[in-house]
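Common to both upcoming complexes is chain A, partnered first by chain B, then by chain C.
Here is the complex of A and B:
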């Protein structure tokens, strides 16, 4: 039945698809952080309309499965953009996946960033203002550098969650590590071994990500203690 | 956008709320029942066992839910018939309710997650509480039941809410292994007319409502807890 030696033959094949998984997570993290920062700023600064829109969007993205979001983006975005004369039906499927995961991650990133900024003591704002810094300068030079170490654990959790969720992209036909495992399993009728090999890769990636954010959080704290 | 069909799909999705909720709540309950003792063992000074459990939890949390579900599905499809035959029972995998398989996978995930929650909540109760209970002459079991567990509720609530919401959302993954839940209910309604966008939007709205409801119930519970323990 279960033949562990197949795991070793499958691993190199699955690793060929690792760039797809990492690319997905990387793009979603970069775009998600940027979007998340914008959403967080809109809410922190109570910008009219934008703040309310961000709140609703974040609630929706956090309250619905990423699997459903993926299909809503896949079927909905072409229709939405057709309305303003842009044809994206020919786009590569992976772009819809990037957009879905970037949006999904942005909601969690935004909450992490917002909580961290609110955790910076109010007197830091007063001190920055007393030095004659503008709002933008205060954010850039005083508040965000102090918010970052507070946000690291939450950002890490979002990143790990994103890594795990990326395994759902196969349901739209993306050949990431998970998608590759599924096709390999079907081709060789050794599905269990193929899934085990994929599990090994995901477990290692998760442990690496956890360890990375753990050390990042610690070194940040140490740096703070020194200054 | 066909709003009339959106309404039809919404009804089809809402009709499957019991399926999605049982996929979330049964593993959630099992996760609490198994996760609490697991967390207690991990905090104990027993040899080896705490480390083994810690390793196991880390492993489980590293495996995506969909992968876990597919593994359970393959395992069940390969072994269920033979196992039932050896027991002399007439049940076959074909007739097996696939939500049991999906639920089993979600239970493993919920147990690991709840174990982590209880571990955090246990750590939030200061050592002095144990000392005071010991000084008052309580036994270990009495200390746990009357002193420690009640104080774990408040710190455990926020993360418990997150996990329950995550379980409701993860239950949607069961639709990939042919379980008819909220998501599949909506999609099946669209099978005749290919209006999948409306179907997925309908499913999303139902999930959104469920998650908001759970979050608000927990928010109320947290408020109640805070008032009760405010001195």
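Here is the complex of A and C:
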């Protein structure tokens, strides 16, 4: 039956795949934040076409399962790009995974950033403009620095979600922590213990991430007393 | 009499269907202090905000320090250039919450005016000195009282050395005992070359400090003149009634 000692033997093996999971989450977070910021700005500034395009894309990304998005990107994107003469069929699978998770996270990041920017009092815009700052300077130097601490809890939630969702990458055969757990389980006929070991890793990652965002949010807020 | 540093001609502004400013004309000379009076909702704030383009007026012309724009078709570049000839002090101070007192003052200098950092700091400290806040230059806004924040707000505006300085009810959010302090500070700026337009409900202050008083009502300037004329002998019936409300309960000695 269930033998907890296997968890201990599996853990080191699964940890070997931790870099894949962390790499996936890291790339998706970095690219997702950048994309999310762009989507948020397009909507906040009501940029023609871009604002509408962002809205549609965001509601698609938030309204469909990440697994569906993964298959759309993996099978659909090459076809789409082939149509305009770009061949990406031979790209490594992991690239498609990166793109999927970056897009998926960008939708949630963008909503968090947008809400945080809207939460900065209008007077801060007035003050920046009255001092002669341009729109871009106002964003960079006054608004976004104030929006960041407001956004941190929501960004943290997206990040944690991403961590969990990354475990679906094994569906395309990626050997992340989850993919590794699956193969180990099949190999040893100890699937339950393998998944339990994976669960331990994900729980620890989630706790660490929560703690990190919590302290980041608190220290920034205390320094500037933005609430 | 020197030439006007600020000229407004036939300025109109509507919010949706409501026409809030219905053709404002105004000239202000360098160094002049203008007190803008009027009952709540008559358009004082909107007018001030049209002068630095925080609101976009619908029509009219605006000239500040030699630069004229038609408000109907003001371009981004013109707006920025005109704005940089002005500064504004807000009722609720509006200090950048993510910046220290010193950074609040240097920000506009370094970022908008291109003043080198060291020079900006010198200028900022001089302004902070002037308002008595140099000792708190490393504090964040939330660590300061309302009166202190408003001092910084004034220092931030002064450091920009604007041609026109706009005050929107600079003392309305303050405790009564701090009001006089800030009014005294504004009074001390009287002999600077900056033109000052001050929206205020402090009638005694308007009377003794302003060179000229404007009474606005329902989006129009109804009366304009030296304080002793506007207060002592208002020509318009509405002005008279507005001023009576203040004189009835305060009965300042200057009307006797």
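By definition in this document, the second predicted complex is superposed on the first by the 224 of 227 C-alpha atoms of A that agree within 3 Å, B and C clash if a C-alpha of one lies under 4 Å from a C-alpha of the other, contacts with A are read in each partner's own complex, and residues count from 1 in each chain.
In this text, a residue touches a chain if its C-beta (ideal position, glycine included) is under 8 Å from a C-beta of that chain, and two chains touch if they have at least 3 such contacts.
Quick caveat: nothing in here was measured; it's all calculated off a predicted structure.
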Side-by-side fit of chain B and chain C on chain A, or clash: fit
Chain B versus chain C as contact partner of A:192, first or second or both or neither: first
Partner chain in contact with A:9 - chain B first, chain C second, else both or neither: neither
First, second, both or neither for A:206, with chain B first and chain C second: first
Which of chain B and chain C A:133 touches, first, second, both or neither: second
Contacts of A:154 with chain B and chain C, given as first, second, both or neither: neither
Chain B versus chain C as contact partner of A:123, first or second or both or neither: second
Touched chain A residues, chain B compared with chain C: B
Chain B versus chain C as contact partner of A:55, first or second or both or neither: neither
Touched partner set for A:76, first chain B, second chain C, both or neither: first
Touched partner set for A:141, first chain B, second chain C, both or neither: second
Nearest-approach distance, in Å, of chain C Cα atoms to those of chain B in the combined model: 26
Residues of chain A that lie at the interface with chain B and also at the interface with chain C: none
Touch list for chain A against partner chain C, complex: 123-124, 126-134, 137, 141-142, 145-146, 223-226
Contacting residues of chain A [partner chain B, same complex]: 1, 59-60, 62-69, 71-72, 75-76, 79, 164-165, 167-168, 171, 178, 181-182, 185, 191-192, 195-196, 198-199, 202-207
Complex contact set, residues of chain B against chain A: 1, 58-59, 61-67, 70-71, 74-75, 78, 165, 169-170, 172-173, 175-176, 183, 196-197, 200-201, 203-204, 207-208, 210-212, 215
Residue numbers on chain C that touch chain A, as the complex places them: 52-54, 80, 83-84, 86-88, 90, 92, 94-99, 107-108, 111-113, 140, 142-143, 156, 160, 166
